[in-house]
Amino acid sequence: MTTTDTPAQWTAARVDELRLATRAFIREEVIPRELAPGAYIDEELRALLQAKAREAGVFAPQVARAFGGLGLPIEHWSTVFQEAGYSPLGPLALNCMAPDEGNMHMLAEIATPQQQEAYLRPLAAGDTRSCFGMSEPHPGAGSDPSALRTTAVRDGDGWRISGEKRFSSGAIGAGFAIVMAMTVEAGSSAATMFLVPMDAPGVRVGDALHTMDRAIIGGHPHVHFDDVRVPGDAVLGAVGQGFRYAQVRLGPARLTHCMRWLGLARRAHDIALDRAAARELFGSRIDALGIAQGLLADSVIDIETSDAIIARTAALLATDSRAGTALSSVAKVHCSEAIVRIVDRSMQLVGGDGVSEHLPLASFFAEVRPFRIYDGANETQRWAIARRAAKARAREREAGEPARDELRRWEGGDA
Amino acid sequence: MTTTDTPAQWTAARVDELRLATRAFIREEVIPRELAPGAYIDEELRALLQAKAREAGVFAPQVARAFGGLGLPIEHWSTVFQEAGYSPLGPLALNCMAPDEGNMHMLAEIATPQQQEAYLRPLAAGDTRSCFGMSEPHPGAGSDPSALRTTAVRDGDGWRISGEKRFSSGAIGAGFAIVMAMTVEAGSSAATMFLVPMDAPGVRVGDALHTMDRAIIGGHPHVHFDDVRVPGDAVLGAVGQGFRYAQVRLGPARLTHCMRWLGLARRAHDIALDRAAARELFGSRIDALGIAQGLLADSVIDIETSDAIIARTAALLATDSRAGTALSSVAKVHCSEAIVRIVDRSMQLVGGDGVSEHLPLASFFAEVRPFRIYDGANETQRWAIARRAAKARAREREAGEPARDELRRWEGGDA
Amino acid sequence: MTTTDTPAQWTAARVDELRLATRAFIREEVIPRELAPGAYIDEELRALLQAKAREAGVFAPQVARAFGGLGLPIEHWSTVFQEAGYSPLGPLALNCMAPDEGNMHMLAEIATPQQQEAYLRPLAAGDTRSCFGMSEPHPGAGSDPSALRTTAVRDGDGWRISGEKRFSSGAIGAGFAIVMAMTVEAGSSAATMFLVPMDAPGVRVGDALHTMDRAIIGGHPHVHFDDVRVPGDAVLGAVGQGFRYAQVRLGPARLTHCMRWLGLARRAHDIALDRAAARELFGSRIDALGIAQGLLADSVIDIETSDAIIARTAALLATDSRAGTALSSVAKVHCSEAIVRIVDRSMQLVGGDGVSEHLPLASFFAEVRPFRIYDGANETQRWAIARRAAKARAREREAGEPARDELRRWEGGDA
Amino acid sequence: MTTTDTPAQWTAARVDELRLATRAFIREEVIPRELAPGAYIDEELRALLQAKAREAGVFAPQVARAFGGLGLPIEHWSTVFQEAGYSPLGPLALNCMAPDEGNMHMLAEIATPQQQEAYLRPLAAGDTRSCFGMSEPHPGAGSDPSALRTTAVRDGDGWRISGEKRFSSGAIGAGFAIVMAMTVEAGSSAATMFLVPMDAPGVRVGDALHTMDRAIIGGHPHVHFDDVRVPGDAVLGAVGQGFRYAQVRLGPARLTHCMRWLGLARRAHDIALDRAAARELFGSRIDALGIAQGLLADSVIDIETSDAIIARTAALLATDSRAGTALSSVAKVHCSEAIVRIVDRSMQLVGGDGVSEHLPLASFFAEVRPFRIYDGANETQRWAIARRAAKARAREREAGEPARDELRRWEGGDA
């Protein structure tokens, strides 16, 4: 495993220095290059922004120093990623945007040194991009990975992969994919992850499937794997451990989404505060000001509670990956809903301009709204959260805790 | 006043016949012609759709028969407008879209027979379009009309109008504007409405100001009136009565927005129901189904309560315009928020496809979201609603009702 | 069937006269007799209040004139019941409180003339009280009546009833119960309703089971039926039709709850308005006033939408009982939640006094909160509402409507 | 200042040991002694519970060891206080209930050694109780302390205090009060805090003013100070520093409320989970189960986000009192609303029993609901939060940050 620095190596002062450098970079280099609502990011802009970030010394903060990054440990990502997320282009500029950021994290945790040289190094440098092939068209693996229909069968010392993936964010123009496929060993089937170059024969990217957001470069297309042959060392980690690795990726990946988009929500909130300072709210007269204060306060509460649950989850992920991943569900649901509310309130506070294309609020909304669905729809997360709570409570009862729902008659009470 | 038919002329059976004809028309002629997300409607499409609506016998339902409409009274508009609103293009096809529909209503109520011939007839026929010049750039009339800065001064037997309007929905390509301007008569100033041809010297339409919605043809630009001369018969109704007329327009205009967009919300809800029937919700596995039922039920509740408050408000507008306009604030706030919730829930229920551009849900959301701001931001409406409630209660106290907040000690109680 | 008057017999003026008489009666005779928080109503108070209501000419408004009532048709109940509900004691005073009101309605609809004389007449006169035996302890009939475990078997020309009912509101001190029991005829089992005197041998009322509310006299105890013999004419309506009759009772009973408690919510809202007029809100300084206006406006919106959906449902119940009962689910969920919100907001607006026992707000809250559970918990209602919506949509698809969730590719679009 | 231990003195293992001891104590000694709904705690019960807590080694965890407590630092209070709060009687048993806990904290921070011996020692030992005299009847100091009308004037080497306080929680039976009064020194007035024995001549406790909650012993009465003479050393801290000290008390006091009541919310949530395990939800059939999972998940999210913001605020209070107090507003609003929602959801999940007096949920609700009002109504807090956000943003703009709400025209865009 190739690690970032330890938390002890990053004093509060050092973290704050990086935060401020990132903040300045976003304001000076990134915000002026933001695109018109609805426009797509192209590779040229990506290259330019990443070159500027490298110059500014803020590139790849979350990547280990051995691979050209700044080595920032996960406990401090939120501080920096929120600053990056203040612009929809910021995370891409810093090379900490999905799906590459999650893929880098997984490669650092699981890949062999040779795989890291071949895949992680150019990815961390921004020399290539990647995608993650997990979701499949109905009735394959949706948010339920166990329905996986893509298969990999042994072929000499290599493998042959066949299947179709959908919502392969970033696939157009990506250099390689990390693909989850079912493998059968000793008669039992399990999932395995493979590193697949996108130019391997048999890989075909389908039509771009566009969604309302724009900040992820490379679309969300279907990718077809038609009998794609990969060598034996294309297996990422161990055969049959794919689901476990997917969990390794999932917790932090969900949480970094929270971090980046919370940064964007802060921008929306600042826009509303700036407009409020100009005393024209809801495009409207000042009488409704108190209602505005209520909305602004609700946004502060959403920001602070999101910030707190992110920090707690990041700390937990660093010390107890399993508990951290479980808590990342809670963080994901809370933050994604809080972020959407913040941006929505800001649109409302600004009034007519808030839904115009001359302020970026409507496009910020389009950017953050899908997060309530991505990485496991919030309703699916709620189902999982409730199930975990029920199981944890059942374990308590099994350990002797009495059920607390027994009816009681009160002595001397008239009830 | 040029009226529609009386309610008695429209039996339930006749209303239902028109409803079904509208429903069939929307499905057969309008939905297949819907545009890609983000695309703008052009005049050619408008002409085609309106020609088809005329053929289908569903054109201009709300317009008096004397002016080529179907004469449907306001009590029944909701039934038909909701069917029209099932497509974002439907109300335009039927020529019952804002701002023309509201302008037609006001012309029917207030204009002279000559003005009606010159302006209402071609507007009702779809031969021209119109805009309504009320909102002004800060610090002019925003949602507070009394800050009006556009002026009209007498010039011989005519007037000269100067000022700037913003958010002039539909202005690009419009044939005429109804413009609110301050006039001074006998030393006291008041607002007066004027009918101004858009090709009159001095009228200049500014840059298109685009918002996230697309269903209103003609943009929301600024319109400049630079010393525009109009004849004496350009005054709409009486001099100095502009604010009163604005109220006449406002109540029904707000309510027809509720009707049209509730139709669109029904479409979003149907999409979610259809997807639910295919058992794939939130892009996700079936376990979360119960949560889905909760969301679907909430949408039904939002639809039914919106429908009920619209019907009640429409009935009240027909019998007591002042009370109806007051209740239209309540209806506007409830319906605009309910409609946004319904579309949002449907996006969520459908999952990844729900935020893609291959289902229209994200663009429906863009269509309905601004309604929480348009026609008086909901927060401003809440301020007005609270103020009216406080005044009504004060009148009750003045009439002898005791204040009910007095503290009380209970005999024999221990409290 | 013994009916109330037709709507045509009640002009708006006549309804308003009764509304004002009820309003005056509540203020003059009922509010001064309200009890300390937590106190229970006794029979003496009931007798006094009902005598006063009779004197004031407002007693039993919803009862047919043949049985001593005012004959008010269901379309106008809401107007009067809301006035009655302005005090928690008001509906009892007018003899239109649950469960008696629902039982009277069912007796009027279903009972034989002899049964009406024996049971409806004294109940309508306030000479006795009644209860409704439907819910059973787990695993019997909860909100799912089909799990019914109470049985009635033929015994000569009569029946023998055995079983246990819970949440038998009003049972303590009641004269008779309407009991739902499974009967087996010709080999197939169905539910049948029976009229059972509470002093019949084998009827035993369990301990009082108190809930947080106080306005229903007679507790919510378990009632045991131990081989209770009743004559053949104890069957209410036809054998085997119990579930159908339960539906007859259910729709109006749910809706009259909405009416009565909406009246109480209006009282809470008035308390908040009166306190707001004194400019001390949240027990706090005036700066937060705008937030207060937002809360007050939300209460107005909740009141008006509740009022509108109640009126619509009542009208539908009068013309299409099945559709009305379905819509009563929607009304019940919306109104019960709106009413709780209104009372909660009023507590909040008033501040410390709002949670003290010197204003009735906390006890009003205790009165209305259970309604989100009573008469079918709102979550169960949501499940039923969603299921009905899904079925209705399925019928549309079967009738040729295409599924609207098909993905679409746009010609010429870049998406 | 008399401090608790440093965080370093409390390892995770040691904190967990205390947590488990508290947990066991609450279950074994406290829950069995809980009172019937509506019953008041008496001094006998308090003495018994505190004796048991002393025996169990869990008494006064937050008090410095020098004064007989366990010395737990504020960073770890939440863990233990939540366990204590699992019963409404728990915090009283541990002597960490309001208002004594906040008063102890202030005495530890501000009082002289002599004052600490005279007042803190017996209070920490549970030998006496105290109250805090801040709020006054309208138009005095409500949540706005600057309107303070109680005065203290120099009288020889002592002072004479006159005024009236309201909502003096715990006053009945208290040994002393900490009273805020206006003092005038060198011509300028400021607030000063005084230690006043409740048996000093001129102190008079008014009628008990009961609120819906029961867990604070000693009522919430008015207290009258009629020319009460106190010696010079009755001044707590420095003359004129009363407002500053009130802030010292306020932040932690608000936060410990969050901790204690979050523990009670966890109990309510456990009750719902236990009932859910028995598969009977909403008093209803299993079909609605998914909706139940949604509610349970929402409660988990509320618990975890509350826990996270409490921990963050406690840590901040320990290092930056001013910033911690500001954040405590956010924590207070979020937690108080989350806690009420959790208890409300649990009532709903349990169904009819949930609103009965045979489960404690309705009385838990009565316990937690006032917290949305106590310690500064949430709406007042929102006003303050919004104002702080506006000021912070204004400082950023003054430091060079551009206003972000400027309209922008996009080159090459069609918008």
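Order of writing sets the labels: A, B, C and D. Residues in every chain begin at 1.
Criterion: a residue touches a chain if its C-beta (ideal position, glycine included) is under 8 Å from a C-beta of that chain, and two chains touch if they have at least 3 such contacts.
Per UniProt, the chains are A, B, C, D = Acyl-CoA dehydrogenase family protein.
Note that the structure is predicted; figures quoted are calculated from it, not measured.
Engineer: Check B-C against A-C and say which one is joined by more contacting C-beta pairs.
Structural biologist: Most contacts of the two pairs: B-C.
Engineer: Using each chain's Cα centroid, which is most distant from the centroid of subunit C?
Structural biologist: Taking each chain's C-alpha mean as its centre, the farthest from subunit C is A.
Engineer: Measure off the straight-line distance from the CA centroid of subunit A to the CA centroid of subunit B, and report it in whole Å.
Structural biologist: That gives a centre separation of 39 Å.
Engineer: Averaging over Cα atoms per chain, report the distance between subunit A and subunit C in Å.
Structural biologist: 49
Engineer: Centroid of subunit B to centroid of subunit C, CA atoms only: how many Å?
Structural biologist: Roughly 37 Å separates the two chain centres.
Engineer: Can you tell me which residues of subunit C touch two or more of the remaining chains?
Structural biologist: 38, 210, 287-288, 290-294, 356-358, 379, 382-383, 409, 415
Engineer: Considering the complex alone, what residue numbers of subunit C touch subunit B?
Structural biologist: 27, 35-39, 267, 269-278, 290, 292-294, 296-301, 304-305, 307-309, 311-312, 327, 330, 333-334, 350, 353, 356-360, 379, 381-383, 385-387, 389-390, 393-394, 397, 401, 403-405, 407-413, 415
Engineer: Spell out the residues on subunit C that touch subunit A in their complex, using ranges where they run on.
Structural biologist: Subunit C reaches subunit A through residues 207-208, 210, 287-294, 409, 414-415.
Engineer: Within the complex, which stretch of subunit D touches subunit C?
Structural biologist: Touching subunit C from subunit D are residues 38, 135, 138, 142-144, 147, 166-167, 209-213, 220, 280-285, 287-288, 291-292, 295, 347-348, 351-352, 354-358, 362, 365-366, 369-370, 372-374, 376-380, 382-383.
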